[in-house]
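Heads up, the thing below is written out as structure tokens.
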């Protein structure tokens, strides 16, 4: 048994359960035609249009629209409140199958657009907070959101691609477009009436082309969004690397300070040894050595910092380096020559 | 000699060994036709369909299906338990070659899908554990699994692509589709009987198109999965970099502490020298100097930390830096001016 | 009501408001034709060319050009000062619709080119300052500019693509090109007059092809620019990494110095213990130990530095390492054997 | 003068030197036809097939195969030992030009496959050793090998692409295929004899298609290999980053230890000052202070380590941080509040 | 006024200035035909071939070649010394327009090839020096060269693509090829004479196809070069990362040494306190404690180093870690349990 909802061109809606085989016989279709094996399909069979758009399975006949298996898909609201009036409206001078196809394809494109509208702002928000140059380390919950949205975006991209390919396949073959114009083959009277100055097949092509181009626009948006993610990731990496370099320079500057203190502290340690240095009794010596320790380490540090400043500007470094070596001639045996 | 298994349309299965040349004569084929040089091929020759799907080599005649070299491929189970009943079932009103092709292509697509179903959850598991923001360093065994699955995925992608191209080549040429409808040419009686209201070539096209689209869906899935791997790798790198930055800041904060301790420890070292400082006899001096050492290093550390905090917020740093310099005017000769 | 500006072939401009339905009746168009659902479209309907180029919506008839909804788009200046004279100029021997299409497509291409001319120099400037090898950390405001421009570039790329596809669709179908030659169908006298030795359809193809190729050139430029961004990002990363490696080596060299000072400082600390070493009374011992401390740490540092220098040249390291070990045989129990 | 080797259909091989112009006259070709300007070409001219496959230049006539400029290419072995017998074998019921083309195309595909078989295992070996998670730094000689093989792979990819395009160009135009069936046009008697039930053009298409598909398979393999290189590089980077993070944590843990020792060492330094602390005479004080120094630094270290452990698990850190602050209320003025 | 150089088929060269309008009238062309709006174009108009190859603008008539605006382009040398003799040579049995087109296209391809020959070796040199595993930090001037060449390569790629597309557009339409054979339409006598056994259109196709394939080869080369740049960048990053890891390990090993020294130095500091330890008088205690300090720090260092060695081999670490903990049972309250 299969649940189905029936919309006729006056906007009447009836829903009932029917045996699958009965349905086949009624529409003269074969079992194979209603297997709906692909997530998106749109074919004409025996004066019916059989289509599936993800969860929505429908059969369009010249006079009615049948939606199959409609329960539990969250489509009830749309079916009753939007689809029925849309099918009944006479603004369209074209036959019923056009109105039905138009309504369903519009629903599909709207669904795709709605998904993009959910993913896009979430993505932009996340990216904006991740590329913020002030942050030292990426917020991990944001990364999780990014990954989730990235996955949704990929799935959306695939669905748009599949939808576009389904339409393109039809647009590429004029025969299929002809077949989709049901009224032309089944109802000569209505056909002639409606076709004053209008070529049904051309109208059908326009209708499909319209939704194809809307899907194309959505596809372009997702592509742009993917590009933005890539660019943002590069910026995030540059940011994190920059922070690291800044911290590394600070750390190096501190290391230079600590080194200077150690170097001159060694003098203090030397005088702290229980060994006789013959200076013990002179009170000025204490202040002299203490002052030398502090001033000396300060000056060496200053020298090291300015060395660092120049070292990181590659073009000047070699020259400066020689000057530094000359200045420091008095410990020529020291390790400086390995410095570079 | 070549082993072969013979399925007829009543579901009878016989298997035997035969000389290759006998086989050729029986089917009026040429040696070249049975070389099976490509991993995937599907051609019509002299009222036979000769096909190879990886390890499965088969010949479809209007009345029977011959599976060649079937031993040692792990296909016995499928051949006997699934293929035979499928070929015998009369649900299909179409001739035998349709049933045979349907069964074999379905087996092929199922095999591809099964491979994806093995790779996908393993991949998702691995990625999920690798992007976990808590981990400091990637688990190497997971990386190995990732690499293995990535390789399997590439191979699967190639196989899907080859399968799709094989079908597409046929779908693009109506003549080949016609040739594949064996009954049409060999058995006019059956043909007329079965073709009431049915165009054999169109049915064949539908059959092949169906499997083409299933392969397309699998291809889309593998593409999404590849995209997910790329995105996850970016997130892993951002994670690792973030951890590093956090540790670097902690390390820098500790360095600042150590530097402060060294700086004020130098006072202690100075007073520890065996030199006369004239303060030796006053007991309060001990507490004064000790307190100054601890409090002083604590305060300098605090000052450095807040300097760091502001330094990493680029917009505020320059201003703050000037304030810091003014505050610290009393060691104007100190290395601070090289700090930035 | 809909505002519209009317240009005739004499260069007269009139602007007024009109009901939409009146407009339809006047031009015998249908409501559907003027929905302008896509951002870029160019179609022929009932001897009118209906086109939309982003904000510019226009209808070309054989004798006039109607620009719809022209208010508030910033187009007034162009419409009055440039478009009108261009339409009135008689340099073109071809009918009015050619002049109108030419003017509008040229405006579109100029708009696209202007956008590229804004993005390109900003981008090049930003990239040049970011790849400067002297900078230690990327300027974050520049990164922001880079990201903004990158986004603009993606949008521009999409717009160029959409414009190219719109033209290509027409260029691929000779019938549509024929339909675009309005005068051919509506004004036989003018047609014959103007078509001396000229094929209208061919001229139209040339006109469209010309703008297609201009758009193609713009597309090539954006592609080159995107490539340049990618290359520059790689260079930025190499720069930042290089800086980090240089700082790391300096830091390592300082660590080696500090280690040497600690090692030999330990001697000082040992002699500073309140324990009897029996050397206390000899004044030369003080100078000997102090000298040993300073010289020893200097020499060990020097040795470590040259070890580092060789260690970073991988091919020489193992040999040198053995030599170092031999030299240092006297602390064979020391941790050096774990060094590598 | 041009050296040439002549193979006839009986398998006789003769080689001699001839003037270029004589060759042209003999085969009624033009100078332009034998310029061999492209590395890979296959054309039919005046009942000859003129082809070049990299270094191999050949002319196929209905009765013989001429290999030009065959010296110094390392092809002698193949020409004499393999090509001659292959051309003489009568297993093929088809005319001579089929045998000749078959032999040459097979040689070409074998050459391409051989190149892949050299690159592939070398690449896999190198990658396997580079992605080994135990290695701390990539072996540079391996990187060199990787780069070399990567380059070879790109060249191979181009050659396969060029070969495929050469064949595809012919397969797309039925006229060229017809022209390649030399016997059909020159030797009606042989043609009729051999063409019993065989369509020469179709056989030629099959022959070319066969080699096209073999090239396609090689192309798929190189693409997979390129993908594997990309994936492996990502894994190498994750490995190196992970190692760095692990070392950084160890380094940070050691820094914490050193900081703790410095902090409590300051107490020792304080008591080492030559200032009167009034505790000098009590022997227990020595042990108390010493114990406090060691135990205190151990405990502070432990506390810092557990802080680190929690800090790297982001979700718990803030809470823990407050607890830590409360615990340490007694130095509320200390720098901890800047810690985060 | 427009400068032009005129080459006739006898090799005579004349150059003069002429009004643009005169030129149009002389050749019966329209103003539009000589606007040369695209950087590369090749069209047939009114028995002339009008072409532009970047700076070279030329008109080919059945009897002469006109090069326009030839001054200041650096082409004079080529025009006079190479083009004139080439046009005059009678080696080609084909009419003049073939010789002219041949010469110009060959010049264009040679220009493209020359640009590649400038970029390629510079690029290979730069890459080779950048991937040198010995370098610790990338040479920034090399990076600049890399970026410059990368940009040139992109531009070259675009120019090759544009050239290929221009030719492909002609090759795809047989009518345009026919139009390019000027002599066929203008000079029946020469046509019949020259066309003995030769199809002009086919010759034209061969000529264009030849240059198309040469451009294709250049395009393949640039693609390979781009691939090499990408691969090299990966290797550069792996190199820099490896260097950093090696330095980090050295730094960590030194930190371990410093930590050991600090730990055992604390003993010395403790004995240096002015507190009574009751060991003061025993001379052996000095040597005992001093020895313990040095040996102890050495042994702890060694232990830490071997711990590090094992820690970086992940599979063994956990086990070893437990052993280490057992060994060190006596400070069970110590921070080691937070180590991992």
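The chains carry the letters A, B, C, D and E, assigned in the order they are written, with residues numbered from 1 in each.
Keep this in mind: a contact is a pair of C-beta atoms (placed from the backbone, for glycine too) under 8 Å apart; a residue touches a chain by one contact, two chains touch by 3 or more.
Since this is a predicted model, take the numbers as computed values, not measurements.
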By the touch criterion stated at the start, how many steps lie between chain C and chain E on the shortest route?
1
Report same or different for the chain D and chain E interface, where same means the shared residue numbers exceed half of all residue numbers found there.
different
Per the C-alpha means, the centres of chain A and chain C lie apart by a whole-Å value of 18
Distance between chain centroids, defined by C-alpha means - chain B, chain C (Å):
30
Specify, in ascending order, the residues of chain E that touch 2 or more different other chains.
133, 140, 237, 241, 243-244, 246, 248, 251, 255, 258, 262, 265, 269, 272-274, 277, 308, 314
Interfacial residue positions of chain D with respect to chain E in the complex:
32, 37-39, 133-134, 136-138, 140-141, 143-144, 146-147, 150-151, 154-155, 158, 161-162, 229, 233, 236-237, 240-241, 243-244, 246-248, 250-251, 253-255, 257-258, 261-262, 264-265, 268-269, 271-274, 277, 279-283, 285-287, 289-290, 293-294, 297-298, 301-302, 304-306, 308-309
Chain E - residues contacting chain D, complex:
131, 133, 206, 210, 213-214, 217, 220, 223-224, 227-228, 231-232, 234-235, 237-239, 241-246, 248-249, 251-252, 255-256, 258-259, 262-263, 265-266, 269-270, 272-278, 308, 311-314, 331, 333-335, 338-339
